[in-house]
Amino acid sequence: MTVRVGVIGAGMIGQDHVRRLTEVVAGAEVVAVADLDAERAARVAEAVGARAAADGADLIGQSDVDAVVVTSWGPTHAEHVLAAIAAGKPVFCEKPLATTAEDCLRIVEAEQAFGRRLVQVGFMRRYDAGYREMKRVLDAGEIGTPLMVHCAHRNATVPESYHSEMAAQDTAVHEIDVLRWLLSDEIVSAQVLTPRSTGNRFPHLRDPQIMLFETAAGVRIDLEVFVNCQYGYDIQCETVGEAGLVRLPDPASPAVRTAGSSRVAVLQDWKQRFAAAFDVEFQEWIDTLAAGREPAGPSSWDGYAATVITDATVEALHTGRVVGVTMKDRPAFYAGDAR
Amino acid sequence: MTVRVGVIGAGMIGQDHVRRLTEVVAGAEVVAVADLDAERAARVAEAVGARAAADGADLIGQSDVDAVVVTSWGPTHAEHVLAAIAAGKPVFCEKPLATTAEDCLRIVEAEQAFGRRLVQVGFMRRYDAGYREMKRVLDAGEIGTPLMVHCAHRNATVPESYHSEMAAQDTAVHEIDVLRWLLSDEIVSAQVLTPRSTGNRFPHLRDPQIMLFETAAGVRIDLEVFVNCQYGYDIQCETVGEAGLVRLPDPASPAVRTAGSSRVAVLQDWKQRFAAAFDVEFQEWIDTLAAGREPAGPSSWDGYAATVITDATVEALHTGRVVGVTMKDRPAFYAGDAR
Amino acid sequence: MTVRVGVIGAGMIGQDHVRRLTEVVAGAEVVAVADLDAERAARVAEAVGARAAADGADLIGQSDVDAVVVTSWGPTHAEHVLAAIAAGKPVFCEKPLATTAEDCLRIVEAEQAFGRRLVQVGFMRRYDAGYREMKRVLDAGEIGTPLMVHCAHRNATVPESYHSEMAAQDTAVHEIDVLRWLLSDEIVSAQVLTPRSTGNRFPHLRDPQIMLFETAAGVRIDLEVFVNCQYGYDIQCETVGEAGLVRLPDPASPAVRTAGSSRVAVLQDWKQRFAAAFDVEFQEWIDTLAAGREPAGPSSWDGYAATVITDATVEALHTGRVVGVTMKDRPAFYAGDAR
Amino acid sequence: MTVRVGVIGAGMIGQDHVRRLTEVVAGAEVVAVADLDAERAARVAEAVGARAAADGADLIGQSDVDAVVVTSWGPTHAEHVLAAIAAGKPVFCEKPLATTAEDCLRIVEAEQAFGRRLVQVGFMRRYDAGYREMKRVLDAGEIGTPLMVHCAHRNATVPESYHSEMAAQDTAVHEIDVLRWLLSDEIVSAQVLTPRSTGNRFPHLRDPQIMLFETAAGVRIDLEVFVNCQYGYDIQCETVGEAGLVRLPDPASPAVRTAGSSRVAVLQDWKQRFAAAFDVEFQEWIDTLAAGREPAGPSSWDGYAATVITDATVEALHTGRVVGVTMKDRPAFYAGDAR
């Protein structure tokens, strides 16, 4: 009953997922690893008793690979996901599903042509206990119809290679997905405000940015993206409805009182913050496959939507204007998604 | 050494200030009360051993009135404040200083012509312990240069007479003043977003509204105004700087654990929330006058600025566009203001 | 209508009360000050336009002294309070009412002989907003019948003159009074546990101590007294009842997130912590006198009870045993006390 | 590399551990299940593709059982653990290790005779993230030398079969173990105070109880055990040291503001509260065995100590006196324990 997984991409995240599938998740086994760097593939594979594959296509084709995890460089995602669909194998793809809306659509169409869901996209926040409890509160109607969402996504620092567009593409994309899911609603426009930039930024970087989204139902979202906030990794989310509000909790941590203050540590790293969410995400994915069911997590349609909204947000940053999101109609095939 | 005060306007707020000056503030005495409703003036005056004056002008002219408090209907503020200046008497005017920028400017000019500060405007938040401690943190540089401020101003409900423009004029005006003071910065533009309105609103009312301000220094402010939030009176303010953030505390209240939850009461009323701030505001005003000094609180210039920014916000609501704030240059006379 | 007050004892607390009665409290005026140090009395008096009295007896006898505040050295309290009663003048006495139970009883008897309440003892916690809200929760039955109370009373440091018995006499006495009032119950026994003492203590000092009290109704109270806790002045109180619990709030203070942690300042000083409580305590006392009513705060009986329970606690510290509290029956005269 | 586990005892906790080892823990497989109720054993075994064993001895003897989990009725623990040691197989025993100190000692001696650690006792709190972070703070010296610990252990309700001695044996035993580990210290005496009992109790039950422990180093511990607190399952722990304190966090949960209050849910169930701790406990145990190392969790010595201290606590409840803990000297064999 063990699900035998092949992992394409053996970088930092790939290695973390190999470790997770081997040491944390029950019912899974990593049998093959592929990477552009063949030596790295071999080293990562050997450590868990797996073999290195020549490349993604080779790995996907191997008969004992039941399911595929794609954690390679973003621009290669579409190729591997399409190959997995062609082989009829379930594929878990780290975000983004593809770097262009066109490629996302090709995946969406290929999957529909295949006739059942094979693709899950790695938006781990849907598996975070705090967001899940928020969704329970919302779905139970405890705060009434949602009207506004206030969010912040802060990283202590980012490397110099991080550029202004990545605030939408790499950072806000997590909120874009989780808010669509949380609200069961679609984002229809984006606007970006640029406060004075932090003096701790690189000269090329607009940081922080304030992103404003509107949904089909008229909910207004404001999202502070601040990737050099210095003090830690901090995720805030508050949804205000007609009858009240619900706020994402901070991670539980002991309070220490010394030297004139009571203080609680702020996490420094997204891997810590969402470690449990990653574990649950993979365990549920493996459980679903082991049970012979279609994956129930973020779909290729969600991957497409995230890319389209991200593109609009980047355009909004460039133009300073409100940019409408132009999205295809949602196919009936994806009507039953978790959202 | 007791400061003898005349109060113009004996409505709900006027009566509360009469009570405060009589029962709470040390060193003050209410000697005269004026109101359009002569009977009400007489009743309120008698209760504290004061006399009723025929009208505002009469009250201001009485020789034992050392200082004047104006809490009458907004459109009458300018007339009373100008009369007090003409009489050379200190005057505390509830917000707004005047309902038009032109009238505010007339006051500013009259006060400059008189040659020393006589006017203080009733923006009580500057006297709230939480805001004061926030300002101390900011001024000490603990969070570095401010970049963004996230605010919410929520009332449980408002009466049907409340209209959409009052979100700026009556509600946001408190944040407009306190943020200018907190940041020692000026607001230069306003924009208003309108989320779907609450089903608990009146048909004529846009509620909630999200107001976006930019300051001269490039700080971006977002302010949720939601005056029918149902659950209580709730004031939130978080300032994010280059090195961290500081958040206004919620009022201290006992936590109760019963029946499956831990809960803390949310106040229902702005008078409760800012009761201590009102007390401090009046005590400091009286102390300043008793010491023969000029008032040190919000000046007529601050009153003018608040009105100009409020006007721009209303225009932004009406037009859906970003509206620049057109303000006179700040006279040197007001350079030493508390901000 | 102004209440004219004479203050006996012009030390740190006396000066603070003179300031409070002059600058904060409405309707009061300090007219006379007495102190063993005549020069200090003169200086403190002059600053507020009062006169120095020769001594306590002289001050109490002056015809324009409507009410007396006793803040002199503890062992002199009884003498001044008895003199005030003899003169039929209301007297506010800082804790302790007297340093021996016998002297407290003499006061209680003198007051009864006089026939109406004249004495109020300075237990200011009953006027703290947090404790008052706790009492409201308890009295409303929100947590059911009280069963246990967990308390902590921590000071950053104390001077070397502080000795082990003062943990009960000077420190725990505040909890002893406020818990009798909070629970509307009487303390019937005391026990003291001595954890290892802090290395930051003086060699002569047992610090911390854990005091265990039982009430007539069977409520168990544990109270940590730790007067060299280093980090600040920190008062904790949690009452557990049959249906839930209520916890005293920490003072509201802005949260600051910088450098890897979210922190809130802890106050350093009891004067800060209970500043508002002192203000309310004196304002209510003055209001009561101005209205011609008997004082409604902690009575001389409460002062007697606190001293008897404190004595038992000291004996418990010395003996290591559970010590029963031997108290007279409460006279009907004190049946209507605030508790 | 999979560790093949046999589970003795298929009751509620046994079934939960079978599920955990099968569905959550990586690298483990349940191969055999034994239970007094043969049908239940068969049913639980079948659901995970395992076989039923005739009884504990049979299960332990089967050659493909690499490790044993004992979750049967407490009085049978010793027999199964001793049998596992005799078979040289690692054994995870739910608390208590044995119901008498004598039986615990027999296990301790058998394990020493075998020459390496085989036994781990199921004190899951040592695996809770909050307690682990508390221990990190303590071990790092952030709050200085510990002086006191304040704890509460509250259950919403217990069934009528729960009796007064179980407050120590079943409930406080968790604190007894985790505090020994947290403080790296030994408990040397116990005392029990009995507040008035809750009216929601059964007539035979003393509830709540306040337990007072002293450690070898002079730390004083107070522990409220209240198993019918009505409002939820609530675990509190605060350690006070010479330089400050550290407090166990409440579980993270969204705050909801509606209808006049801000509230956070309190968990209702210990299985929820410590779900993650159980997962980590078993994953670490399996990882240790898979790596061929001795178990590193709570040892049979810890199981012995917990039983001895529990016995003293029960005697303290019965006698009302301070009862010294009489414990053998800790053998060098157990010197390297995790504590």
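Just so it is clear, A, B, C and D label the chains in written order, and each chain counts residues from 1 on its own.
Note that in this section contacts are C-beta pairs under 8 Å (C-beta built on N, C-alpha and C of every residue); 3 or more make two chains touch, one makes a residue touch a chain.
Nothing here was measured: the structure is a model prediction, and the numbers come from that model.
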{"item": "Chains in simultaneous contact with chain A and chain B", "value": "C, D"}
{"item": "Comparison of A-D and A-C (more C-beta pairs in contact)", "value": "A-D"}
{"item": "Centre-to-centre distance between chain D and chain A (centres being mean Cα positions), rounded to whole Å", "value": "37"}
{"item": "Whole-Å separation of chain centres (CA-atom averages), chain C against chain D", "value": "44"}
{"item": "CA centroid of chain A to CA centroid of chain C, Å", "value": "58"}
{"item": "Sequence positions of chain D contacting 2 or more other chains", "value": "230-231, 243-245, 250, 257-259, 264"}
{"item": "Residue ranges of chain D touching chain A (in the complex, touch as defined)", "value": "1, 22-28, 49, 129-130, 133-134, 137, 142-143, 243-259, 264, 276, 283, 287"}
{"item": "Residues on chain D engaged by chain C in the complex (per definition of touch)", "value": "144-145, 147-148, 150, 152, 193-200, 208, 210, 212, 214, 217-220, 222, 224, 226, 229-231, 240, 242-245"}
{"item": "Complex contacts: residues of chain D adjacent to chain B", "value": "230-232, 234, 250, 257-266, 268"}
